[in-house]
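In this document, chain identifiers A, B, C and D correspond to the written order of the chains, with residue numbering beginning at 1 in each.
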Amino acid sequence: MTIDIAPELSVSEWLNTDTPLTLAGLRGRPVLLHAFQMLCPGCVSHGTPQTQRAHDMFRNSDLQVIGLHTVFEHHAAMTPVSLKAFVHENRLTFPIGVDTAGEDTPVPVTMATYGMQGTPTLILIRRNGTVYHHGFGQQDDMAVGAMIAAVLSET
Amino acid sequence: MTIDIAPELSVSEWLNTDTPLTLAGLRGRPVLLHAFQMLCPGCVSHGTPQTQRAHDMFRNSDLQVIGLHTVFEHHAAMTPVSLKAFVHENRLTFPIGVDTAGEDTPVPVTMATYGMQGTPTLILIRRNGTVYHHGFGQQDDMAVGAMIAAVLSET
Amino acid sequence: MTIDIAPELSVSEWLNTDTPLTLAGLRGRPVLLHAFQMLCPGCVSHGTPQTQRAHDMFRNSDLQVIGLHTVFEHHAAMTPVSLKAFVHENRLTFPIGVDTAGEDTPVPVTMATYGMQGTPTLILIRRNGTVYHHGFGQQDDMAVGAMIAAVLSET
Amino acid sequence: MTIDIAPELSVSEWLNTDTPLTLAGLRGRPVLLHAFQMLCPGCVSHGTPQTQRAHDMFRNSDLQVIGLHTVFEHHAAMTPVSLKAFVHENRLTFPIGVDTAGEDTPVPVTMATYGMQGTPTLILIRRNGTVYHHGFGQQDDMAVGAMIAAVLSET
């Protein structure tokens, strides 16, 4: 059965990486996926800097941190041009994909596929491709550290 | 002599006010001017919420709080459309003017006139139109409260 | 009438000052009175460091900052010996008086006289000896700065 | 060889537990040991509340959290009577041992045995009784969560 495998990302453009990333290509490694919007206050104040800290803290492990810009409101205000300035000003260094715009819906494709409730959303995927954690809203630092270590310890 | 009078604002567009504001029109009232950029991390995390708190705290006084969007970098990323979404998401309710774009320079007009070093900049203007305080960078809450009360007590 | 004049302090022991302080002797100057207990979490995390910041910020004014150790619970745990270690470890430099123990009541004398509800309590006294502000619990930094500046501006 | 086994605790009095705890008796379970002093500002503001959060977060695991009151200065100010009030006021619920006073030295026994540099010190002990982490000063929440999860995953 493939029903529990985390769906593939749909990304229209990448920042901070020369080659596009896919969950299929990352199978065998844990993946921390931070879905955000650059004008979402809870992302800017907490979720996005927390993700950067996780990227820095686990840089010597095989954890892959990925940001996903899931714009579902104020589309004209959060274009890739604005996102690039945001990434530069906030010194974000982890790979960030722009979630593919939806057709006939303001919700982008990956956001819809995962049934995300809003931003920030933090999703942690196991080495085997299944979802270990899917959390909406502010996530506690200690809990995030513990979850990442737990999936890193899995074989 | 008029040399010490704070120069007039040059604003191309206003948010959160039906009528344009001018320092000349506000003479007799103290004015708190917060110059910011919507993608400046120090503004978003500290200066802009502090200005909103000042706007709320002194709402029963005759202090006039004004935001000034002084874009001097990443111009394509911080357009009025993006600014409106930022203001909405961060629930900013004080009047905000867009500093008029400079000619042959990335620095907007009012920013240049005042010789601001960057964002955030906080300028406090007395009832008589002279500058009481011009500070670049993070300003301490207790100090800001004290400065506002000091200019409010002046006649 | 003297009914509005802030009652005199009753202090059994002073720290950080060679000479005892009295409100009568300070008449003509504003007084910021911070009532606290060294084991009160809200004092340690917020009120006491805020008072130290006010002491530092207004050092060039004639504001007099005074701490008052108003022990109304856990008396054996918050003796003057423990208080001295607390003051040393937290690098408090403003004068601190030990509120005189009550007779037949756990509530000390000054705390009872002022009708304080608990700790921390912040009381701001005008130059003329009347109470400008009496607040129980966490006080906002910007508001404290504004209140101090307001009483400093009074003649 | 037993050289790497964490030395046994030397405790003169326990709070928050009916039965004394020993590392020997806890062998097979990870142990998080938080050494603190009730008047150490860095403990009160960060280390001790962090330890309480770890105690709460991992309550359904077999992690044992232990506080150790390692008084090496201001001995008269941090007696067991004062400690009990501190524990009550700060709502600490994990077991806390009072490190046995040293003979001819201000440094208590367990603190000396472990070579702790001061407070706060955080020590994490594996199921097999060896030390996984020994850190002096402020520890990052995310790192603490990751370390605890790592030792929990060991067999």
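We adopt the following convention: contacts are C-beta pairs under 8 Å (C-beta built on N, C-alpha and C of every residue); 3 or more make two chains touch, one makes a residue touch a chain.
Every value quoted in this text rests on a predicted model; they were computed, and no experiment measured them.
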- Message: Considering only chains that satisfy the touch condition with subunit A, which of them also satisfy it with subunit B?
- Response: none
- Most distant chain from subunit B by Cα centroid: D
- Task: Just give me the whole-number Å value for how far the CA centre of subunit B lies from that of subunit C.
- Result: 36
- Message: Taking the mean of the C-alpha atoms as each chain's centre, how many Å separate subunit A from subunit C?
- Response: 50
- Residue list for subunit B, restricted to those that touch at least two other chains: none
- Quick one: label the inter-chain contact graph as line, ring, star, complete or other. ring
- Query: What is the complete set of touching chain pairs?
  - Reply: A-B, A-D, B-C, C-D
- Interface residues, subunit B side, partner subunit C - complex: 50, 53-54, 57-58, 140-150, 152-153
- Item | Complex interface listing, subunit D residues touching subunit C | 39-41, 44-45, 73-74, 76-78, 81-82, 84-86, 88-90
